[in-house]
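Next up, some structures in structure tokens.
There are two complexes below, and they share chain A, which is joined by chain B in the first and by chain C in the second.
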Partner chain A sequence: MEDAGAPAPILTAKAAGLVGCTQCGRVHRPGVARCTRCGARLQSRDVTSLQRVWAWLFAGLVVYIPANIYPMLLTTILGKTSESTIFGGVVELMHHGSYGVAAIVFGASIVIPISKFIAIAYLALSVQHQVAMSAHRRHQLYEAVEFIGRWSMIDVFVVAILSSLVQLDFAASINPGIAAVSFALSVAFTMISAQSFDSRLIWDVDGE
Partner chain B sequence: MTAESPAELPAPEALMACPSCDALYVERPVAPGETARCLRCHEVLEAPRQTAMTRIIMLAVSAMILMIAAIFFPFLELEAAGRMHRSSLLDTVLAFSSGLTAPLTIAMASLIVVVPMIRIGALIYVMAPMAFGHAPARHAEVVFRVAESLRPWAMAEIFVVGVAVALVKVAGMAHIFIGPAFWAFVALVIVTVLKDNFMSRVTLWKTLEHRRPS
Partner chain C sequence: MTEPRPAEMQIEGPKRSIWRNLSLTWLVPILALAVTLGIAWKSFSERGSRIEITFENAAGIVAGETSIRYRDVDIGVVEDVAFSSDLTSVLVKARVDNNVASSLPDDAQFWVVRPEVSASGITGLNTVLSGVYLEAAFEPQAGAEATRFTGLDSAPLVKPGMEGTRIVLRAANGSMLSAGAPILHQGVEVGRIETPRLLDSGKGVIADAFIEAPHDKRITTATRFWNTSGFNVNFGPGGLDLSVGSLSSLLRGGVAFDTVFSGGSPVGSRYVFDLFDDEGAARDSVFSETLDNAVDLVVEFDESVRGLEAGSSVTYRGLKVGSVTGIGAFIDDTSGRQQVKLRASIQIDPRSLGLDADAPQAETIRFLSEAVQGGLRARLASQGLFSSNLMIELAEIPDAAPAALGIFDTEAPVLPSVASDLPDVAATAEGLFKRVDNLPVEELMEQAVATLRAIESFASDENLRSVPGAVTGLLDDARGVIGSDEVQALPGELNATVLELRGIIEDLRTADLVGKLAETLESATAAADTVTGVADDLSGATSDVPALVEDFRQLVEKANSLDLEGFVSEASALLDSADRLIDSDDARALPGSIGDALDEIRAVLAELREGGVVENANATLASASDAAAAIEEAAQSLPSLSARIESLVSEAEVAVRGYGENSSFNRETVAALREVREAAEALTKLARQIERNPNSLLFGR
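Let's turn to the complex of A and B:
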């Protein structure tokens, strides 16, 4: 809480033989099951954390594949139905000349999910293996993944808004495709994966 | 202050561990307006603010009113080829309600309306008695824990950006009118961001503990 300038040796609750609460920061002696301040479950380190991270990550990866293959939007104009996938939607936006929006959609539904898969896998691997990135950088990466992950949901919302708005019977109508479901699931699964990660593990490797 | 070696450690009650990296500190009072950060991971540990509680409640109440307005007023109107189509927030939520995409309806309703509403309600429940100088309400701890765990799932602000993208997509084929509910929703997002900025989780947990008569 005060800046000493020089990097002071940091003692963790684990090294001191104590258990810290990840919710409210209260410190307990080992053997206490639930935090006496906030009631959260106490664990020195979440030992099943990595298993859950990998499981949810693979689930997210599996449903991300149909999300890209199947149509996201079904557009019917004067009785003619055309289907567009996530990537197709981006290309279409570029044809209309709206590059800014195309960039948002491309970022939210292709760049963010893929970099999130890579980032989570990297963080999980870095707990068990030596990696080049410093603990501080990896902590920042984790924060970024947690913050940005939710924004992938934009495309699902866009599909919902378009489908509710553009319902002009014969003239034009937009309906959601099945990819919307698998994409939403993919975002949710990777969010759970990131939340399952015990960020204290990043610093443990560094300390040894 | 960092705790240097296990030998000279005070009792666990006088210590605090960083929730994100487990660094151990000796507990010290943080004055209102100050921000305590972890030396190792630079995460904010505590940030008490003067009258934060009252401000959060006022913002939460305004958020509640705005949300009700956003649900019932017309959200967006579209005009193409002489036809009008009006859609409310409810229609947007129900867009997925047919066929294979039906489960998404529940998810959409939760992410845009239900989860944000639960969070606002929970925060009012936890803080209102304390702001008026009373002891916390019954089960306030459980309610606050639920509210905090729901935080990443309240996606109102993402929805607003989604609306902007959708508007650009249809702008070419039809006239769009933005209804009052849309502006209510935008205001709701701003209020929510302000409210979350006033909140420091550790500070609130400590206040809850101090106010709870043992």
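Let's turn to the complex of A and C:
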């Protein structure tokens, strides 16, 4: 509701001396602890938000490293086990000529997570430092990051389905590697990181 | 309301700004970092140690995939396959688990396991699907961390850590040794042979062999190895003996061993054994070796020792106890005049006499000298019936001239000898040959040739060839007789006569004329007499037939006794007489006279019919009965006649059969014989009918 206001001068709840509920949007007087409509905890600005953003982001980054180093899939065909990492899988798909699939995997597993890291870090930094991007654009960026984050799970999804379906004992079997867990954790951490971000902070910086 | 709060926050803020405001969320990245570092450390520490194995070639080894196994458990994986700097070999770089690498000794063996099909079976079949792998074999040594190894071309015979004894087999040639061939002990595989290699001198082949642990205790200095590959055919007094080892050893060869005498001492590693061609040679080999305490003896002979040589056996009651080591001559002048004597040096193995293997020589000599006093003597003996090879036999001769073991200081003891009975054997054999020689083999052959020639000339004789023709003529004649109308009409006429008789008796029964019956009966009696005479004639005629048959039989007997020329002439005579018989008037008149008799009977009956006499009817009937009896008698001789004809025919048939099956003569003969037989059968039938019911001839019933 707050950003539904007029494009030119934004009047934030804080500037109006009120506290807006982040869940249902109702505005309260500053003394109210809980939203009278939905019962959510009211807070003018989440002071630990940035800390949590950075913490989850770091956690995501940390687990993203083994997700790329360790094998994602352990494919055993007739007693021969082959391991493939994310990037190795992309390269292999390209060798086989499946450029489309390679592009999807590359996008979902490498481009999106990395750009998410960059985007979240940029937004978090923009709260504390002056940046060139306007508040409105940054809001759009935030919405995009929050929306697209879950799609990175497509890789994990494929691995989970493959490893549960392809279990033909000696003939062929596919098992998830360490990277699958790391990658899933990394996606989850970055999603939490994005959600921890209190987007109202963008306006405060803008107002200064 | 908003004013006092920032003031409060400002008081508390600086104190706890770092720690109180620090979010607990920071634990998450710390935890994630810790876990990640933990994983990284774990995988780094488990990465294993790097080793290098040098191979001649790297067939089937794939970097990153080929695993290294120890006791069939993966212990590592090949990381890289590269050449050595001078390109002469392949360096396989691999990582093996740390716990394994820490106890990997220098002599660890690595080889590539590939699918392999050989005579002993198929191995490495699992590698067909999964690809080759490297097998490691070593005896773990804690603390030994060798990293450079040389790979083997094939799986080693003996893997490190196997318990057993390694020995060396020496053979004259390598054809009976092949790598991997089994070593058998009483049929059980207890070891293997490694690849044979030539001796440096080129005079033989040696091969390392390994006997596995519990069985290597059986390997002593008393053990002998022999070749069991292939099969062994032995033809001896016990018959044909074919022995085949296991199929595997048939294909790959094999070696068997056994302990051939007691008292061997354990052997160490790489003890060299000789490989013998067969078990017999291996067991005999006990005597070929020189023993420290073997007893040297000397035996002197007066007779020829041709056939005795160094190495010939010395036997005692058939058991080999030693061998001849040398033969020489010396001049003996102890008897006053110089005399050349032959001297054989022999060596006796104390073990074979039942003494201890390490019995001192003195003990053996003492034992022998006692035996010599008991009558033990040496003599020459033949090794076999047809063998000219000799051996020395130690025999106990109870009545031998007393002698003692001659013990001298300088020379070996002299064992007294006796003359052998060898020449007798030779003489006997020679006599046998002489007698065989003296057999009149050539005369025998000549006589046989002459006999054969006589038989040949007889067979080609003209007379013999004309025999079939004569027989044909005879048979034609016989057929003519039997086929003549008169003979064939005989039964019909008899029938007619009987009919007439019946009519007469019918008349007799009805008519009361008895007036002239007496005369009529008189003439009937006469007629009956005639009939009897005819019947006698018939008998007389047939009595010739047995004589003919008798002649024929004699002829056949003579033919059997191979008096062939006589047979021919007699056969001709027989045929002539048969011809004559058939041509004879008697035979021809036979039917005629029977017909006459019947005619006469008919006339008598006609007279009877006319006469009408009844006074002497009884007498008449009696004579008629007599007549009937006479007819019956005559008729009874018919079967014997037919039987005789039958036997004649069958004998003739037998005779004829000798002249081939398919000639026209034969066919004609057989046809004629068949007709004769049919005629004879007709006669028999008639005779039988008359015999069965003679009255029917008279009364028609």
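The rule we apply is simple: the second predicted complex is superposed on the first by the 200 of 208 C-alpha atoms of A that agree within 3 Å, B and C clash if a C-alpha of one lies under 4 Å from a C-alpha of the other, contacts with A are read in each partner's own complex, and residues count from 1 in each chain.
Keep this in mind: contacts are C-beta pairs under 8 Å (C-beta built on N, C-alpha and C of every residue); 3 or more make two chains touch, one makes a residue touch a chain.
Note that this is a predicted model, so its numbers are computed, not measured.
Peer 1: Examine A:101 and indicate which partner it touches, taking first as chain B and second as chain C; both and neither are also allowed.
Peer 2: Once the two structures are laid over each other on A, A:101 reaches chain B alone.
Peer 1: With both complexes superposed on chain A, which partner does A:178 reach: first (chain B), second (chain C), both or neither?
Peer 2: In the superposed model, A:178 contacts both chain B and chain C.
Peer 1: Using the superposition described at the top, determine whether chain B or chain C touches more residues of chain A.
Peer 2: B
Peer 1: Can A:189 be said to touch chain B (first), chain C (second), both, or neither?
Peer 2: After superposing on A, A:189 lies in contact with chain C but is clear of chain B.
Peer 1: Go through the superposed model and pick first if A:134 touches only chain B, second if only chain C, both, or neither.
Peer 2: In the superposition, A:134 contacts neither chain B nor chain C.
Peer 1: Going by the contact rule set out at the top, does A:80 touch chain B (first), chain C (second), both, or neither?
Peer 2: second
Peer 1: Check the residue A:48 against both partner chains and state whether it touches chain B (first), chain C (second), both, or neither.
Peer 2: second
Peer 1: Could you tell me if A:62 is touching chain B, chain C, both of them or neither one (first, second, both, neither)?
Peer 2: second
Peer 1: By the touch definition at the top of the document, which applies to A:15: first (chain B), second (chain C), both, or neither?
Peer 2: first
Peer 1: Between chain B and chain C, which residues of chain A are contacted by each of them?
Peer 2: Dual-contact residues (chain A): 17, 178.
Peer 1: Write out the stretch or stretches of chain B touching chain A in their complex.
Peer 2: The contact residues of chain B facing chain A are 1-6, 9, 12-13, 15-25, 28, 30, 36-37, 39-41, 45, 76, 78, 80-81, 83, 85, 87, 91-96, 100-101, 103-104, 107-108, 111-112, 141-142, 144-145, 148, 152-153, 155, 158-159, 161-163, 165-166, 168-170, 172-174, 201-202, 205-206, 208-209.
Peer 1: Which residues of chain A touch chain B in their complex?
Peer 2: Result: residues 1-4, 8-18, 20-29, 37-40, 93, 96, 98, 101, 104-105, 136, 139, 146, 150-151, 153-169, 171-172, 176-178, 180-181, 184, 188, 191, 195, 199-200, 202-203 of chain A touch chain B.
Peer 1: If you look only at chain C, which of its residues touch chain A in the complex?
Peer 2: Checking each residue of chain C against chain A gives 1-2, 21-23, 25-29, 31-33, 35-36, 39-40, 43, 65, 126, 129-131.
Peer 1: Which part of chain A faces chain C closely enough to touch in the complex?
Peer 2: Within the complex, chain A touches chain C at residues 17, 30-31, 47-48, 51-52, 55-56, 58-59, 61-63, 65-66, 70, 78-80, 82, 178, 182, 185, 189, 196.
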